[in-house]
């Protein structure tokens, strides 16, 4: 299946959103309209809608999104990019479920509208779901 | 890339969430814990966290999620399933941007925690992003 | 070909079957009915039918099933999972045909209805058939 | 994943088993030993072990196996082959769950050791699991 | 091979270049710098460098670039987009080598810096090279 | 997408062009006509048109083309080939943006008509665009 | 598997061999040496060695080679090319095993060194082997 | 392309041919008729026709066939198999064009009808053609 996952999230301001996702995070801009930008976000689609309904502060649960990487090098490269370009972290790299089959690496970034992005790498790829 | 998109959303109750996503919508259950269920949602991952922080009524913007189908048959099959299994619609099938290159078919479903799911099909697959 | 292999096996009890295949072995639950559950078993389909016609004790021949892994890491991860989650082994990891081109690693698990599952890894992938 | 599903079944006699699977059903013979033959069965592996522990008469539940085809033409071609080469049917082509999303076509063949083979085609490929 | 073809071309002005390639032609913007923009151009990379060394008028030979589509629907969709969004044509849709095995459909667009883009569809895909 | 990128460039002489691209660089010749040769250039298409409109000396900007390799071994092999077969370099192997996420290896070759070819390898493959 | 089938055949003369395989049949030339040319023959490799050991007249058995096409359009396109470019046929298009599952279309071409090329299309793709 | 390369060769005797290709070399038997056997030969098709027109002694030029492996492990495994199962070599493992970009490993086997099989591995996979 070559379907595309589609996620709509709020954006406080489109310029800072563009700066965060395209210039810093390295996502590709697909389209820009007056009220939203659409992104090729690691192969899926994220649409940032201009909205006042954004979180006033970031909160991990129950809403966040991101990518679980199949390949550790891509995960490591993204972490390096986030550090180098000084993207704000909500939670720095951590290891969860150490020693268990569910063991994975994870870190959380904060976008300018307080949306949280989680990136993960599982040592057993069957645990990606 | 075989990365997996990861989305966490609130769930009011895990049994009704299971019933909605697995029994009705036909997603595969990957894991069930006391506080969440994880789903293989059309090849990506949706995690439903037990939470009181769910919307009291469904709202289209700025947050919703779903799948943009590459293949019209899969889109049509999902619509047929939703009708047959009487999944609640927030918005029934519609056609947007008729005659334009961005023309697409879309419908919105409501999950038991008032999360909105949008499913789309674009006639020009370059517009999927 | 993206066809799916389909195997029907007996299940003494659906709850313990669910627990074995989904919670322990990490297979995805596709559907559950009153008389059977259907599983996405490593990409193929296993259907467990509620039945009294199950083996009273496990026996290696002539009936068993499982996966021959292309990739050693996936095989090793499954073995680690089985040990960690204390899935009962019928036969622990062994090496067969040592030094020959048919050399492979193998172990056997027992499901709650005495069905035997064999998982294998061949050093020459042409021997997978 | 390019893993191979592996199924071991009993065979009353290897020559008639070879004749059924290779000459009639058109599977490829991978290996033949004194006590078993291994087959490339539509891309997965079936091993037929010489054994007295075969069913004295064919029975649909709880054990049978086969292929769920992604592509209707392949399914139709196999049905045509089975008819033309006079492979014994346990159940001729039928349509189950007519009008429902689970609707599928199915037929059952009998091998010389009374193992049952089921071949299916679902109109919604998400129901293949 | 998943290599990326890389082409550098001159751009008279980056804003009009962005408007042409991203807003009109629907290519994805990968990066924007002070002196160039980089594009995901139908899966390959085109880099538009700010430069005075652009053609004063468009000329078909010896330099142009574009995509030869494998799939006619994608080709037709692009033509429809170009007409609908009033992208300037250097040469409208034509058929070359009619009746011969090399027969193909082709049209030429002009970018704001007088670079010529050719899009083609061959009826025999072996002629794409 | 299995589309083919198509690039037309000037060639001063077809025999020396053939010698450069096919005999030395190892591209496959697809077709030869009186006024051009068409090449399978690393999976995409380059057409060399006989023309007087070639550059009198090579210049890096704003026009050059080449391949960004996904796989370092292929990149290294091409560099080795260029050295061994004494293809003229415009710029030997260099490292750009050292320590940054955009870090990559690059070298430039000169074809007999002063077209410049750039070959690159990025350590983070998201930077290939 | 992306292995390449490799076939070496005799060639009476390299220029006429080049003309037959590249100019007429549309294969890509990979390399040319004094004593042989190597071809990308529909994705596999054919090497034509200058040799006196060629057949004095074409004979169908026991030696010939060619492609069995998965896709009927590619087969039809090749037949059209052969007719249009007046490639000599040893046997024009025929249908074998009509009505049987092995039914296929086939035609034979003759190269300048009396090597025979057979191209086939099976209606049931399992019969391609 | 998923086309299949098709090669017909002479066989002095079908039983010894079966023994060589299936039992020893590990190819899959697709079909056996009175006058020929058809093989899945590393993913392509070789048909062995019963014939008196076989070579009385093996000769490297101008006719031989085999596989050029993309992956060194598969090549090494095949060499190990040939040694272990005592398949007759016409030429043992050798290295050609040492130090050049065309450098490759190669060995030749002899089938019972004096057909020669060459297996190769190139260090630069662009040289496989």
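Residue numbering begins at 1 within each chain, and the chains themselves are lettered A, B, C, D, E, F, G and H in the order written.
Rule of thumb we're sticking to: a contact is a pair of C-beta atoms (placed from the backbone, for glycine too) under 8 Å apart; a residue touches a chain by one contact, two chains touch by 3 or more.
All figures in this text were calculated on a predicted structure; none of them were measured in a lab.
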- Shared touching chains for subunit C and subunit H? D
- Query: Taking each chain's centre as its mean C-alpha position, how far apart are subunit D and subunit G in Å?
  - Reply: 35
- Taking each chain's mean CA coordinate, subunit C and subunit F are separated, in whole Å, by 50
- Note on the structure: Multi-chain touching residues of subunit H, meaning two or more other chains, are 26, 28, 30-31, 40, 74, 129
- Query: What chain-chain pairs meet the touch criterion?
  - Reply: A-B, A-C, A-E, A-F, B-C, B-D, B-E, C-D, C-H, D-G, D-H, E-F, E-G, F-G, F-H, G-H
- Message: Which stretch or stretches of subunit E touch subunit B in the complex?
- Response: 26, 28, 74, 77-78, 80-81, 84-85
- Quick one: which bits of subunit G touch subunit F in the complex? Just the residue numbers, please. 22-23, 26, 28-32, 40
- Query: Where on subunit G is subunit D touching in the complex?
  - Reply: 100-101, 123-127, 129
- Item | Residue ranges of subunit G in contact with subunit H within the complex | 1-11, 28, 30-31, 38-45, 49, 51, 53-54, 61-71, 74, 118, 120, 128-129
